[in-house]
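Two complexes follow with chain A in common, the first pairing it with chain B and the second with chain C.
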Partner chain A sequence: MQWRKLRASFALHSRVLDQAGLLFRASVSVQHPIQGSLAFSNERQYRTMPTHGIGKYKHLLPKEAPKKKKERQQMKQIKTATDAEYGTLNVKVSGYDMILVEHYSQYIHNLCNRLGVKVAESYALPTKSTEVMVMPEQGTKMYVDAILKTHERIVQLSQLNATLCPTFMEVLLKNQPEGIQLSVKLHTEADYQARFKARPELEGLMAQMT
Partner chain B sequence: MAAPCSRMANRPLWQFITNVRRTGLKHTGVRQISLSSACRAATQTRSKTEGVPSPWKLYGAVCLQRLPVISQERNPIEDQFAELMHQMELERSLLSDHEQRLLEDSERMTRKQADNYDSDEEEADYGGQETITAQDQEDTWEQKLKHFQPALRDRDVGGTPLGSVERCLGDSLVLLVQQTVGKETIWLLPQAQWEAGETLRQTAERGLSSLPEADFKATFLGNTPCGVYRYKFPKEVRTERCVGAKVFFFKAFLSAGSASQKEPFLWVKKTELQGYLKPPYLEKVDRFILNL
Partner chain C sequence: MFLSLMGVDGHVSQGPWFASVLTLKTSAPLRAEPKKKKKVDPRREQMVRERLKKKLKKLERVPPELIPIEDFTTPAKYMDETRVRGAPQLPFEESERRALLLKEWSRYKQTQHRAEMEAVGLAVEAQREALEELRLESEELYQAALRPDPLLFPFNHQGPSYTPPKAQYEAPEGKYNNITKVYTQ
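Right after this comes the complex of A and B.
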């Protein structure tokens, strides 16, 4: 339909131009050259002009989905173990020395990437401070000797192949640095919920409701 | 084949919880590894009606490793580099709280000793003198450090026998046992013959537990074997039924264990294996023992 219209408009235009060619040229020569160019750039061409819609390109690009607002964080599906693969595993690295803990967790993450094990998440749990109190022989009052901070990092693996597992664990154990505890557990929903802060007002309101 | 290879896929994986701790020098000289199974599904053993039994005898062997207890010694290059990095870090770092306190205290002391010292002004700023200065704390800490005696890194000074578990604490050691195979007594990884109705991993566990006068608590990491050694019997022994034997190796880590210091056991490093194992056997075993 549009093609036919264009062809018709072409035909029309050719006739129109022939007739009003002189007029057109005259009008251009009269106007100021700069004004003329500005006028042309601000005006949109009429539908019958062959150059109608000449600068359009948006219709050629692929359709983008409309931008959604950030949704509330949902828990990722916890995978179950099948015959050949383990489910979602949490590899927890904890220790007093933050440098060693961080470097070791980074090493585990890189190793998984290299071996092709999918890493679902990699996060840190809040640091726990332990106060070491010393009681002197003479008195009864305990005083603070030192503050030890325990750092924890978790690397969550999703599909660890059962054939790869012994080799993977061996490499991990042999490269464990001094003073670092390594623990591998199944990921549960309780673990996920423990990461969130407690909201006392909300809990109070919920208790009031029930 | 009486299905030992596919046992791995057959047996449903049970959930496990592993807790590994690496502490300093402990008396046992062994890293504690605890493994507990949360729920173990019933092992399904596939019973196949066999037409012709295979001519290979099957053995399950265990490669029991004791993980290193302390860190390895550094090379001279590693030493130099570590020192260089430490120096660079020190030069680039900022002062910590404790160091700032030290500086402030020393400044305050110099100001006190100056002639135009105004104690009222000072106290107004600081709100009362602190009784313990940072320097005092440092002195007490140094005193405590002097009391602390770290254990010796190298316990081999006396020359521990090869059978001791506490040999080279910086390396991982493999257990070797002397067993009679055929006519000879040779050193090899502990093994046991496979019996019908059990998985190969259970065979390996049995091989380990049946060692005389030793109770090693081992943690097997998975159901999959890590290596195979296949050999044919010498021609005199060969019959139609058994042409040779296949040995499947499983990896395990020593979690706790003690053994009397008797002859049959050897804990060796990977580099020392050559002196004890036969070459074709060693070739296959070498492939799966990591030298990390």
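Right after this comes the complex of A and C.
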């Protein structure tokens, strides 16, 4: 008798659990159709509990694109001049004194941020070393007088308003430190390629192919 | 066509090396038939081309590297730990004076910056008002005023110098050599 009662109670219990499980599985499959398949793949005891998956939060976060380890440096699109704005401009700051050059380029960057001009990129070009050879008054042999290093920094602006441009240029010119050359040019692909190392083998093969 | 040594004048020659002067000097390869083109040749050219293409593909797969900038690498002689100098011990008044000087300087620079930003704001506002007036005058001129100036670029400007250039200055003879290091991948 007791055993039969136990069996009956067990049957009821299992029926309730099954119903709960079915309900939960249905809800799981409705909300997370991807995870519903996993629920059926491995049979684990506690998946039938109503608190299953209570700690899940990753499905609520925004989806991140998978990170590629090697990110190839793609050239940013060179914008052309429109009716009211200039295209991609390169503001090049060059000089012999690295500190002044750096500080001036930082000043330009901050000014652009403040005035609302979009800065596409801000990078440095490789330093150029120039050897000054001097011919003495007595004698014919030239000797090395000094090595001058020219540092260059570039601030790339993308959308400069044509009305804001004269004010912007005036501010730049007023704050130009001594010995620093400022040059503003349009950005070209040749400028972008000049930043990379030369590949003589590739160029040789290309010449051979054509 | 190719005359044989035996046939033309009837003289019996003792070999290809002893022909008379009147005959056409023909050598063995000349007398032979034209060379048959080997079937392997176009295939060989194709193979060479395929090899070149494969090499190109391999090289192109490697992304180009940026030239390293010498400014950003500290030279080795500054990393020498034996030459480190400790901070000097300042008396109290000196450190106080320096702190107060820094505050004065920052206040001065702040007023300068504020004045600059105000000036920029005023200039932009004045420009905007002028453009509004122009718009009321004529729409065409307004549109022309908004357009960017193509003759502005390239723009170069030298910074000021401490001293003006000397009137009659004779520079010593010499020349400049470019010794920038060329990097290849």
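The definition used in the following text is that the second predicted complex is superposed on the first by the 141 of 210 C-alpha atoms of A that agree within 3 Å, B and C clash if a C-alpha of one lies under 4 Å from a C-alpha of the other, contacts with A are read in each partner's own complex, and residues count from 1 in each chain.
Heads up, the rule we're going with is that a residue touches a chain if its C-beta (ideal position, glycine included) is under 8 Å from a C-beta of that chain, and two chains touch if they have at least 3 such contacts.
Owing to the predicted nature of the structure, the values given are computational and were not obtained by experimental measurement.
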Query = For A:162, is the partner it touches chain B (first), chain C (second), both, or none of the two (neither)?
reply = both
Query = Touch check for A:99: first (chain B), second (chain C), both, or neither?
reply = neither
Ask   = Which partner does A:124 contact after superposing on A: first (chain B), second (chain C), both, neither?
value = second
Query = chain A residues in contact: does chain B have more, or chain C?
reply = C
Message = Give me the intersection of chain A's contacts with chain B and its contacts with chain C, in residue numbers.
response = 81, 83-86, 162-163, 165, 167, 169-171, 173, 176-186
Inquiry  = Looking at the complex, which residues from chain C come into contact with chain A?
reply    = 49, 52-53, 55-56, 59-60, 63-72, 116-117, 120, 123-124, 127-128, 131, 143, 145-150, 152-162, 172-185
Request  = Please give the residue numbers of chain B that touch chain A in the complex, ascending.
outcome  = 8-10, 12-13, 15-22, 24, 33, 38, 67-68, 70-71, 172, 221-224, 226, 251, 253, 290, 292
Ask   = For chain A, which residues are in contact with chain B within the complex?
value = 81-87, 162-163, 165-167, 169-171, 173-186
Task = Please name which positions on chain A make contact with chain C in the complex.
result = 70, 72-73, 81, 83-86, 89, 95, 98, 114-115, 124-135, 137, 142, 145, 147, 149, 151, 162-165, 167, 169-171, 173, 176-186, 195-202, 205-206, 208-209
